[in-house]
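These are the structures, in structure tokens.
Each of the two complexes below includes chain A, the first together with chain B, the second together with chain C.
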Partner chain A sequence: MRVAVVPPPTVASPQPRIKRRRGHGEAGAAWAYVSPAALIILGLGILPMAWSLVLSMQSSDLITPPQWIGLKNYEVISQDPSFRAAVVHTLVYTALFVPLAIAAGLGLALLLNREIRFIGFYRTLVFVPFVVSATAQGVLFSFIFDSHFGLANAILHRLHIPTQGFFADEHQALYLLVLIALWSGVGFCVVVYLAGLQDISKDLIEAAAIDGAGRVATFRHIIWPALRPVTVFLVVWETLQALQVFDMVFVTTRGGPLESTTVVVFFVWQQAFEVFNAGYAAAAAYVLAFGLLVLSIGIRFAQRRDDKEVSRS
Partner chain B sequence: MTPVSGRKRRGWLPFSPWHFVLAPVALVFGLPLLWLVLSSFMTNAQINKFPPTIIPDSLHLDGYRYVLQNALFPRWFLNSTIVALVVVIGNLLFGILGGYAFARLRFGGSKLLLTLMLGTLVIPFQITMIPTFLIMKKLGLVDTLGALIVPSLVTPFAVFLFRQFFLSLPREIEEAAWIDGCSRLRTIWHVVVPMARPALSTVAVLTFLTTWNDLAWPLIAINDDHNYTLQLGLATFQGQHRTQWSAVMAGNLIAVLPVLIAFLAAQRTFIQSLTSSAIKG
Partner chain C sequence: MGPLLSACGSDSDTGESADGTVTITMWHGQADEAKATIDKIVTAFQAKYPKIKVDASSGGVLADSMLQKITTALSSGHYPDIAYIFGPDIANVARSPKVANLQPYVTKPEVKWDDFYPAAREAVTVDGKVRGFPALVDNLCVAYNKKVFREAGVPEPTGDWTWDDFVALAKRLTDPAKGRFGTGWPAVGDEDCVWRIYPMIWDLGGSIVDDSGKKIGFDNDSGLKALQIIHQLGADKSVYADTKPGSETMYQIFNSGKMAMVATGPWELPAFVDAKTEYGVVPLPSFSGKRMTIAGPDTWTVFDNGSAKIKAAVQFLQFLTDAEQDVQWATQAGSLPLRKSTAESAEWKQHVSSTVGLDVFSDALQYAKTRPTVRAYPRISQPLGQAIVKMLLNKDTPETALQEVARAANAALVTG
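Let's look at the complex of A and B:
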């Protein structure tokens, strides 16, 4: 599709004069360059988002023509104990994973931020699990925590500790998922923090030491404030990831045992592609998305307020 | 010796005492992967006893033989490779073109389009997955590799990353090429792209990683096991062979190995790509 060539904008442009001469055909070329990206990103981003909203007000099984039912899906979902349980599981998972991942990431980054022999080897080992797919992690840890043949119970047995049910135990499965997510997710926090630590000027830390600041004081007054933007990024990023956890749940527990690990995205997937209740699934997805939106706006406001306080002090 | 540096040399050990802390940490992170490799070379008999063997006395290829004879792992490997390659190339090509247009060319609606594109970055996957499935169905792509390729062929992330990178490049070199009579596309190919190597590797690495490791979308879009990706095949294989752990681990290692090798070969690029997009983004 060709788009009409738009005359160059009349607003004063900061671009150098030489651009004027090649303004001819510029818009045409630009549209040709962006059209594949625009088509896919808008067609498979904006359009589905709107479609999903419509779908959430329909009753649809993805095969027969959908029926308009207004806000009925949202009414039902607000009363649905399974959905409520999924929200609770997701929040528990997120509330455990995010602080632990960030604290462990910072701790390990401080530990690994020194020049000793084999430090590269340690850094590599801590980060390697991050590149392993959630599927492979899930398969590996289903094996390690298998109640009969798993390494974990074998070690417990050797240590004369009673063996555990792990993924078969509805009181342990969700926490086990957090543990695995930490194993693979901490490495990312570590490398981001390490990059942040390397940006802190050595002179500043040495100056603090000369002024008599101990390790704790140096950390509190220099390192921690300098890492603040990195921490904010990690909190936002890890929270968004945690609220959308799916792959690992699908591979290890499929939401079980006794629905104890059904998280929101798993609930949405199940409703849409197992029960074929697509309208209801879309409504559930929108509830989660609304939560994400409120959260990210909240974080942005909190951050802005903090920034103001920091600049005032 | 300066006491202020806080780094007193401890003479009683031939190595830094920090190794006492770091070695257990390394063990926690390394042990599961070591177990993955070890158990894939064990027989089911070695695994299926309680308590299971921790250090096997002999290594076997039973698991690999089973996986290669009774499952479609080679096929899935090929599918994953095709999808990842095409998606990476698509993101580089369309990302460069789109990013260049946003960074260097003036066209009506560019601001709006860019805002919309950036907006799609924050749309969660579970919102778009059902309609995307319906769109793929309309296009006749469901249950083909096309369904896995098309939605990821270019991401707003790639376009935006290239745009940011091009904005940081000096304009003068491009203008010199332009004055020398180079066409716009030739300028991009011969002048801009060679300068954009860090951006190219960042987009390639992150796109490869997310595409190769994805499970949710292939699970939705693919039914026929001949069109599975490795991750989907592995998940399904494990579901069907709950007690044949040696074969499952062999398959698991096959699925993990390409990413592991790529990572170990280009560790610096991987980590720089991740941290740069993290700290700037």
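Let's look at the complex of A and C:
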């Protein structure tokens, strides 16, 4: 009975006071905490973005005073065959790289998600290429795929397969870039998928086994749905990365041979620093940025609708 | 950040500080031997002129990327006083009002401007104004691998030859079974690919830009014949087309005895010596019988950070390029003399006699021509590079390739 005597207001009354004090004192502290990050984002993110938006509406070479030309750069770019080619190359690269990286990543992750001897070693081996910088990879592979003196053709020759042009063949260079990107990019997908796989409760899998589900059925009804969020993340992430590919192109092909590997970001670099069309380059960069934005928003929406459907069912 | 701060801080309009010392910043873009040589010369200058402090650094990049670096530096407003700018780029950089006009300085007798080789002087002159000092001159001659010629039982070239001889010789020395090529050509489509065609065009009476300045000057037989020569090399499969940036593989193949001849500059000779390649050097072939080659001069471009700094920069560059220092720079950094007086010095003659083939490059300075310093040049070079790559990979006819170059480059020249 004594317990009931304890007056509720003593518990309730300090709360608003604390809240008020919090609201007052914490805002300042909170701003103090976030301001370094906010300043960095503002200075290194937002400002350059705003500046390049302005630049994209100018005729500028970064050397002489710029001229305001409104949307002229965007008009020109919509009819520029070189830019269109760059967009096509980028889309082909992305359309090949993303599904292949994810499929291979999933396959390898399933293989590596078991308890056998030296599993840590195998997992490390798969991940190591991801750690190698794109520049180093580019240099390495441009030697391997040299059309006359490379290792790849030496092996093909041994196997009595006709030798290939590789980076000297404009019909092969882009696909070769996809292959090299896969070599390193798959490791990342494997690691993310492995984490996803280890999150799946063992009980579920055991229950499925007891219910008589085979390997395929377990994968289809348990593992794949459980990996869905991970897969969505990988699709978004890898697509954004692939659409912005640059360093490997710069090191291995410089957009060649015969402009068969000029991707959008390389086109931007070329316009800005080789032919002094910085305004035009900024416009091209903004077209890419806009594409990325639309893509991200689209995926967000699709995901949200998806979540609703899942929760409804 | 150090050099940037010292370049823009503290000074008045003239760039002179209160005690009369002037600090100048130099981005030389050099590494290894070349950097060590510059550092040594800077120290010597410092001892002689204590009132001028030279802050010399690579600028954080190698010379290959200096253009990008200086472009961003100019747009940010913090730029050095001297930077190493490649010859073909100076015309574009000189559009900036921040690039100094050295015309009033170089006429002074102590600068001995006329002592520089014509190619070197032309390279730093844009629209009649001197924008810097010559930094380096080189040119193209043909290096050949003696061992390859001996093994193939082919007599070595004498330098008395035509481009048709060159094509025939390259074909004869090519042996797919042994993985051996007659010659090599960079095939990225960049400047290293492009400049090798100009001696042919000039020799045939063509020019890069015609007299009106609104059209390319090789949209005629000169350009066609030059492309045909390269096309023939591609069709014969006697040329190794190096599609990797940097052209290093091409020279490695030459050194490993898998390539008979390669057009190259004096910068490659130390590498040949290091690789113990038995090589010889002869002048480029011609069509007409008269000697022709291209000089690829680089520049010390001077930027305007106030008159005191320009004056100090000129004084330093005058010292740097003076025969006494020039000979150090040329011998230790693997280049050629900038001044005629350097070429006549005993020290240089001694150096030439100790390096096989250097005399051929040194003599070629007398007749080497330079690319014009025009702003639209990058937009001529780019389509021409693509045309050359097409020839090397045997993808197109010289006629259509030339038409395409003319269309793209003329459009660029008209708009400026």
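Keep this in mind: the second predicted complex is superposed on the first by the 273 of 313 C-alpha atoms of A that agree within 3 Å, B and C clash if a C-alpha of one lies under 4 Å from a C-alpha of the other, contacts with A are read in each partner's own complex, and residues count from 1 in each chain.
Here is the rule we go by: a residue touches a chain if its C-beta (ideal position, glycine included) is under 8 Å from a C-beta of that chain, and two chains touch if they have at least 3 such contacts.
What you are looking at is a predicted structure, and each value in this text was computed from that prediction instead of being measured.
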Checklist entry - Between chain B and chain C, positioned on chain A by superposition, is the outcome a clash or a fit? => result clash
Next on the checklist: Going by the contact rule stated at the top, is it chain B or chain C that touches a larger number of residues on chain A?
Outcome noted: B
Item to check | Partner chain(s) touched by A:Val268 [first = chain B, second = chain C, both, neither] | outcome: first
Next on the checklist: Which partner chains sit in contact with A:Val216 here, chain B, chain C, both or neither? Use first/second/both/neither.
Outcome noted: neither
Checklist entry - Between chain B (first) and chain C (second), which, if any, makes contact with A:Glu259: first, second, both or neither? => result second
Next on the checklist: Let me test your reading of the model: by the given contact rule, A:Phe276 touches which partner, first (chain B), second (chain C), both or neither?
Outcome noted: second
Checklist entry - Regarding the shared-chain residue A:Asp61, is it in contact with chain B (first), chain C (second), both, or neither? => result second
Item to check | Partner chain in contact with A:Asp146 - chain B first, chain C second, else both or neither | outcome: both
Next on the checklist: Once chain A of both complexes is superposed, is A:His157 in touch with chain B (first), chain C (second), both, or neither?
Outcome noted: first
Item to check | chain B and chain C contact sites that coincide on chain A, given as residue numbers | outcome: 62, 142-143, 146, 148-149, 250-251, 273, 278
Item to check | Complex contacts: residues of chain B adjacent to chain A | outcome: 4-6, 15-16, 18-19, 21-22, 25-26, 28-30, 32-33, 35-36, 39, 47-48, 50-52, 54, 94-95, 97-98, 100-102, 105-110, 113, 116-117, 119-120, 122-135, 150-151, 153-156, 159, 171, 175, 178, 184, 209, 212-216, 219-220, 231-232, 234-235, 238, 243, 245, 248-249, 252, 255-256, 259-260, 263-264, 267, 270-271, 274-275, 278-279, 281
Checklist outcome for this item: Within their complex, chain A touches chain C through residues 61-64, 142-143, 146-149, 167-170, 250-254, 256-259, 273-276, 278
Next on the checklist: Using the touch definition from the top, list the residues of chain A that touch chain B in their complex.
Outcome noted: 6, 8-9, 13, 15-16, 18-19, 22-23, 26-27, 29-31, 33-34, 36-38, 40-49, 51-52, 55, 62, 108, 111-112, 114, 116-118, 121-122, 124-129, 131-136, 138-144, 146, 148-151, 153-155, 157-158, 183, 187-188, 191-192, 194-196, 206, 209-210, 215, 229-230, 233-234, 237, 240, 244, 246-247, 250-251, 264-265, 268-269, 272-273, 278, 281-282, 285-286, 288-289, 292, 296
Checklist entry - If you look only at chain C, which of its residues touch chain A in the complex? => result 67-68, 71-72, 74-75, 92-93, 95-97, 179, 181, 187-190, 240-241, 243-245, 249, 253, 258, 378-379, 382, 386, 389-390, 393, 395
